[in-house]
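The two complexes that follow have subunit A in common; it is paired with subunit B in the first and with subunit C in the second.
Our next item is the complex of A and B:
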């Protein structure tokens, strides 16, 4: 087993709960693959032409988890990585990704993860991604993930992303293309504070008949931070989509929500809802009647809103 | 024991002062049940909010046992022993029923403890524990969960604002049974705002509030006989009735 330093382990504890160096996994640290393992059904191969890995998940995979955490702990580093996931027909897998930056210096640290999913037919994929930043340095902690997903017929893809804290700047780009009878569930949770900035663009193209997508975005903006969400659903066939963006705004934060829906087929049913507002006073009062101070009640509301 | 002395709450409406709680005084001893009733808009819910600290009184004093809690804010009153069930409970996105009950109990509840609480308000825990307290729950379900949050831990005084509103008959019977049990234990003061005859019949004391003032206050035996006459008069009377 490869020993990891204390800083890396601390970040791993935040972004990759349950990670162990066994089964299928790949730990990337400061731009290099530190260690990896295969399992009977999941193989990880280093790319020859560019930085990154191919993750090959065979059709016999049933309920297995694969961990692919990334840690950047060197100030001033820009880490670009391409990870391609090939999910065979019938596979059932959970992929736990996560990226944490520890920046103790004065230069910006940045990680751009370009993830591409090729999901076959009748598969079930759950992709969990946690983003986190820490360190006392003045350098920025920047994460700009790009996630491209092709979902095959009758497959289900769940994208669960959370930006916990400490990320100064993020631009998230997600593109999804859906085949017949496939299902997509997206839950995006994000909190910004201080002068942090976050942008999230999600585009879902429902090409296949019977496809359905549910996109839920929940965010909290504090301090002087700013956020912009732009989820877009395009229905090109008989399909159903529901976009729901909810944001809590606090202090001097700015939040923009720009849902976009496009129907290019008479049987495309697409709904969007967006709401931005401060913490509900009635919720605060209720929790205070349970004995919490206003600050405690605010924390509970935010914690559960993003849970 | 809860002792309320000369309690007043005013609002300013377009430059005019309006007294919603007008010099109200009463006492509820440990184990006693006080039912507050009266016409809509009479000030019952406002009085309950002033007792819970949600609205600040303009005058008067509130004593919990010997402790003067008049200057306490909401959470201090809650920690001093006041429980309060909202008439219209708020919904919480992302908060599960299990989490809310644990917050209300002040400790992580076991499944068995949560189940007992939900059963008392006529809900099956298997169906509800992991549900979110958001718009997917009906008004009646929210109301029952609200009552469960107050039942989740012992209080010196528990205030329920129209607990029967929006609750179906079967669950209402369960609820009545639970109130009877608490009443029998004779430990907590219970204050129920209600128009329900069955709840009013359980009272030790009844207070009728109208236009922010106490119109009648006394034991059930004293108030009840005239109360129903009045109610009948108000609801159906052809002469002098309000409807």
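Our next item is the complex of A and C:
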């Protein structure tokens, strides 16, 4: 087993709960694949032409988890990585892809993970992504993930993404193309504080007949932070989609939501709901009568909202 | 009383119900002010520097209607007009501004009405706008209205706009700036058929504390027509807004909805809802069991949806 330093282990505890160096996994540290393992059904191959790995998940995979955490702990580093997931027909897999930056210096640290999913038929993929920043350096902690997903016939893809805290700047780009009778579930949770900036662009093309998408985005903006959400659902066939964006705005934060729904087929049914507002006063009052301070009550409400 | 020709009268019947040549009114025909009248409290003045009129509504105006219909019946004409409304503090007025194009020729006919409302304090303004096209010429019937509205303190502005039928191309631009405790109600109804194209951009800036906006947009897309809605609500102060866009899609029509909500103040509460879908099957079935044909049943549902 490869020994990891204390800083890296601390970040791993935040982004990759349950991670161990066994089964199928790949730990990337400061732009270098530190260690990896295969399992019977999941093989990880280093790319020859560019940084990154191919993750080959065979059709016999049933309920297995693969961990691919990334840690950047050197100030001033830009880490660009391409990870491709090949999910065979019938596979059932959970991919845990946390990314954390520890920046103790004065230069910006940045990680851009370009993840592409090629999902076959009748598969079930759960993709969990935790983003986290820490360290008391003045350099920025920047995460710009790009996630491309092709969902094959009758497959289900769940994208569960959380930005816990400490990320100064993020631009999240997610593109999904859906085949017949495929299902997409997206749960996005995001909190910003201080002068942090976050942008999330999600485009879902429902090309296949019978495809359906549900996107739920929940965010909290504190301090002077700003957030922009731009989810887009395009229905080109018989399909249905439901997009819901809820944001809590606090302090001097600014939150914008620009959803886009495009129906290009008579049997495309697309619904969008968005709400931006301050913390619920009644909930706040109720918790304060239970003896909490205002700050404690706010934290409980926020945690509940984002959970 | 000025005699109007049969074509113009036919268009007037569609766009300006209840219009007579008395009280305060202005009838514009083919780019020329054909006739106008003043009332005790409402004066209409021809602009000296550009085409159009100033409508001066004094603070004693109580429940009065002013009609300013526009008819274009010459094929190949582009009519550009600037109408400015000065609504004094405390006025209560309804403005009926229909616009119809009869195009019997092969050249495009177009009317661009640039309407600007300067609304004082404690006023109540209802602005009704009907757009309509007819005529069996091959030339397009194009309407590109621009509506700029400044709503003063404690004033209420209601914008009721309908595009009945026959408009080949429209780009509607509406800009609203709201002062403290002002209220805005927008009801937009739009139907397109054939190869018609419609775009509606509404931007509402809630600058004043206590301002509130409600925007309801309902549309039906038939044939090969296409529609795009882009309502935008920006909250820069304590305010609340509710935007609701519902569209029925039929045949090979395409409908897009891109609402934008921007909260730039902790006490800005903004909600958006949008839905695009086909006609309700249950309603259709119910009406058909009452003996209606499918087409009759569809018409009843559409009329009800847009009313």
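FYI, the second predicted complex is superposed on the first by the 307 of 307 C-alpha atoms of A that agree within 3 Å, B and C clash if a C-alpha of one lies under 4 Å from a C-alpha of the other, contacts with A are read in each partner's own complex, and residues count from 1 in each chain.
As a convention for this text, a contact is a pair of C-beta atoms (placed from the backbone, for glycine too) under 8 Å apart; a residue touches a chain by one contact, two chains touch by 3 or more.
Since this is a predicted model, take the numbers as computed values, not measurements.
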#### Entry: First (subunit B), second (subunit C), both or neither touched by A:258
second
### Message
Just checking: does A:177 make contact with subunit B only, subunit C only, both, or neither of them? Give me first, second, both or neither.
### Response
neither
### Message
Quick check for you: in the superposed arrangement, does A:191 touch first (subunit B), second (subunit C), both or neither?
### Response
neither
### Task
Considering only the touch criterion stated at the top, classify A:220 as touching first (subunit B), second (subunit C), both, or neither.
neither
### Task
Identify the partner contact of A:205: answer first if only subunit B is touched, second if only subunit C is, both if each is, neither if none is.
neither
### Query
Touching A:159, do we find subunit B (first), subunit C (second), both, or neither?
neither
### Message
Taking the superposition on A as described, I'd like to know which of subunit B and subunit C A:305 touches: first, second, both or neither.
### Response
first
### Summary
In this superposition, the partner of subunit A with more touched residues, subunit B or subunit C, is C
### Message
Which partner chains sit in contact with A:97 here, subunit B, subunit C, both or neither? Use first/second/both/neither.
### Response
neither
### Query
Taking the superposition as given, does A:286 touch the first partner, subunit B, the second, subunit C, both, or neither?
first
### Set intersection of subunit A contacts, subunit C complex versus subunit B complex
none
### Query
Okay, in this complex, where on subunit A does subunit B touch?
218, 246, 280, 282-283, 285-294, 300-301, 304-307
### Complex contact set, residues of subunit B against subunit A
52, 54, 73-75, 78-79, 82-84, 86, 89-90, 92-96, 99, 103-104, 106, 149
## Note on the structure
Note: in the complex, subunit C contacts subunit A through residues 235, 247, 249-278
